[in-house]
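Each chain gets a letter, A, B and C, in the order it is written, and its residues are counted from 1.
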Amino acid sequence: MKPLKTAAFLLPLIKEKRPLIHHITNFVTVNDCANITLAIGASPIMAVHGREVEEVVLGASALVLNIGTPTSNSVESMLLAGEKANELGIPVILDPVGVGIAKLRSRAADNILSRVKIAVLRGNASEIRFLSGASIDAKGVDSICCGQNDDKIARELAAQLGCVVVITGEWDIISDGKKVYSTGNGHKMLTQITGTGCMISSLIAAFSAVSNNYLAAAMGGVLTMGIAGEAAYHSLGDREGPGTFKVRLFDQVYNLTADTINKFGIVTGR
Amino acid sequence: MKPLKTAAFLLPLIKEKRPLIHHITNFVTVNDCANITLAIGASPIMAVHGREVEEVVLGASALVLNIGTPTSNSVESMLLAGEKANELGIPVILDPVGVGIAKLRSRAADNILSRVKIAVLRGNASEIRFLSGASIDAKGVDSICCGQNDDKIARELAAQLGCVVVITGEWDIISDGKKVYSTGNGHKMLTQITGTGCMISSLIAAFSAVSNNYLAAAMGGVLTMGIAGEAAYHSLGDREGPGTFKVRLFDQVYNLTADTINKFGIVTGR
Amino acid sequence: MKPLKTAAFLLPLIKEKRPLIHHITNFVTVNDCANITLAIGASPIMAVHGREVEEVVLGASALVLNIGTPTSNSVESMLLAGEKANELGIPVILDPVGVGIAKLRSRAADNILSRVKIAVLRGNASEIRFLSGASIDAKGVDSICCGQNDDKIARELAAQLGCVVVITGEWDIISDGKKVYSTGNGHKMLTQITGTGCMISSLIAAFSAVSNNYLAAAMGGVLTMGIAGEAAYHSLGDREGPGTFKVRLFDQVYNLTADTINKFGIVTGR
């Protein structure tokens, strides 16, 4: 079955199973991540304290690690929860927000990647390029050759880390280290609100919680946000903008069906 | 006067007095708690640092302690603020979010309940059952007998703690240790957004700030959310969902009147 | 050029340059600050950890320091980032939320004001009065003579600190220590949602990022919120309230143009 069809197939499973998605995430978009998790039909929990994350992950079906506002404590919690999730076979989604803008985040991402087996790594182009460059020659942002092709970066990083890599942007790139897919849904209004990327990671976690086909799960998360974003945008009236758009985005994710994913999902595969 | 009528009577008092409601709460729903406090007509302050909570509580008319994202520091702040509130005769509302899912939270709730006199304890059924079970035989979650009746649990825990206990759910249970009331307003869409429970605790605090009839205050908070939730749901159009619902919830709480509470509040008492 | 016209002139520059606005801010309204920064056309980053704020400020065009939920760590981060911003010539906007309600905040504000050169200081009347009183005779809140005129306070504090001082309220007062302007836009519904003040500081930062005319930048931020607030209010239908108002506020800021500022901005200067 093609990953688009698999992704569509998984959506009703999320609503049926209501999997618990444990997030250790930033304090900027945490409310949006909780609400998008509910909107897709899963159940969020946002525990972050080092002394409870291992217990909390026991009841979870997926774990999101997001370094958007890292602290020494939160990164330590991510490592504890991530290792426990690996032990239990629970998929871990890593969102390396802002990696490359400060050493603290680069070290956090490196630490997590070296100690925790990731199911899906999702970032924007500069974040994934940075992780790719860093992991190849450790020279940091400057070492990234501009001619590099993001398809190749995603595929190689996925092969190296043994996970699915997602680069979200105008076109989204998804690779499991062998195949590379692009999805073309979405609207630029998605860049006019904060938290879109973080919310895609939450959606990917919801799909990953009901299937170990993480390629399809990643595609499900990306397509959900893209298709919902298009619908939310086209529903806007005169004088409406990002405030109304964000509200409608939750409505659209909530109302999304497998049929809609099958009908409107734009995927090209290589 | 019946508690429904008292609750309705208190609503305009909140708008008149604009009491300051001090919250020490989680970082997931803190913005929603501030906005619902404003919507009902009160004034929120969210100070959490141990070195300022005692000063802040001096100016407050009610204190909300919510353990949704506990840290060692925030629990310590809750104890300091709670003891100061007791000293000053300011009502304390405890929201034991997620108690039972991790020992850290159980210890936090135990600590608070042993050192701070609570006016209203509000949780969902599993949270209140856990606290009830824990306080009876300290065997934890597993000790809770499934046949137990939530009415009885609420009444007995209220009697034991000397406070009002609220279990929110499809039907809400409110007891002061003697009488037990049920309220039947609300809509299941309230479970599709995060923070509904936290916001009910904020609303209860607003009512508690203008009356020491905490039974009526608890009922006021519960009815406000329930009736506003119904109205918000019935206002939804085609393709609208939890995004729009949440926005309308604030609108409806803001526009709620004593008459509406009297007219639409569904209460059965025993 | 009059500051109103300059403010209007700067708005398209923000959209063209998309300056990065670094915030070290509270966890209550941080999401709103990020979204309003995007709505005006700038780009937010909310890094707070002491070990990364200096690196992050390197890439920023303005820095917002907001003490709404201060911790020892966050105030230390503010000092580090502020000093680095000064070194780099990046404007710093200080929002002394709740100064005067607790010594922790007063000390935080004093520390920041003594070590960091501020471009724009924005607060409500009680916050600015407190800072003014404290800086004159250090006797705290009680030393503020009620007969004092806010125009005079703003002008004198601006002259003393060598920055622009903004007092937001029903009429907003803006002074650079020489001239004093009042702006009369806005609607009282802006006081029915949390974060309006914080968001004005973010907007002022966006304007300050594209011009060193901080008087005009401050006026730009204040007028943007005021005019958008009026438009958002007048768009409300029956039974709508602060929930819908907040959503529309983001829409209106997003759709605001230089022409609208020129046409609807109400400014009196002395």
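Keep this in mind: contacts are C-beta pairs under 8 Å (C-beta built on N, C-alpha and C of every residue); 3 or more make two chains touch, one makes a residue touch a chain.
None of the values given here were measured: they were computed from a predicted structure.
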**Interface residue identity across copies chain A, chain B - same or different by half** = different
**Request:** Quote the value, from 0 to 180 degrees and to the nearest 5, of the angle by which the CA atoms of chain A must be rotated to coincide with those of chain C.
**Result:** 120
**Item:** Centroid spacing, where centroids are CA-atom means, of chain A and chain B in whole angstrom
**Value:** 33
**Message:** Could you pull out the residues of chain B that touch at least 2 other chains?
**Reply:** 27, 31, 246-247
**Message:** Under the definition above, what is the set of chain B residues touching chain A in their complex?
**Reply:** 26-29, 31-32, 68-72, 98, 101-105, 192-195, 239-244, 246-247
**Message:** Per the contact definition, I'd like the list of chain A residues that touch chain B in the complex.
**Reply:** 27, 30-31, 34-35, 38-39, 44-49, 51-52, 55-56, 59, 231, 235, 246-255
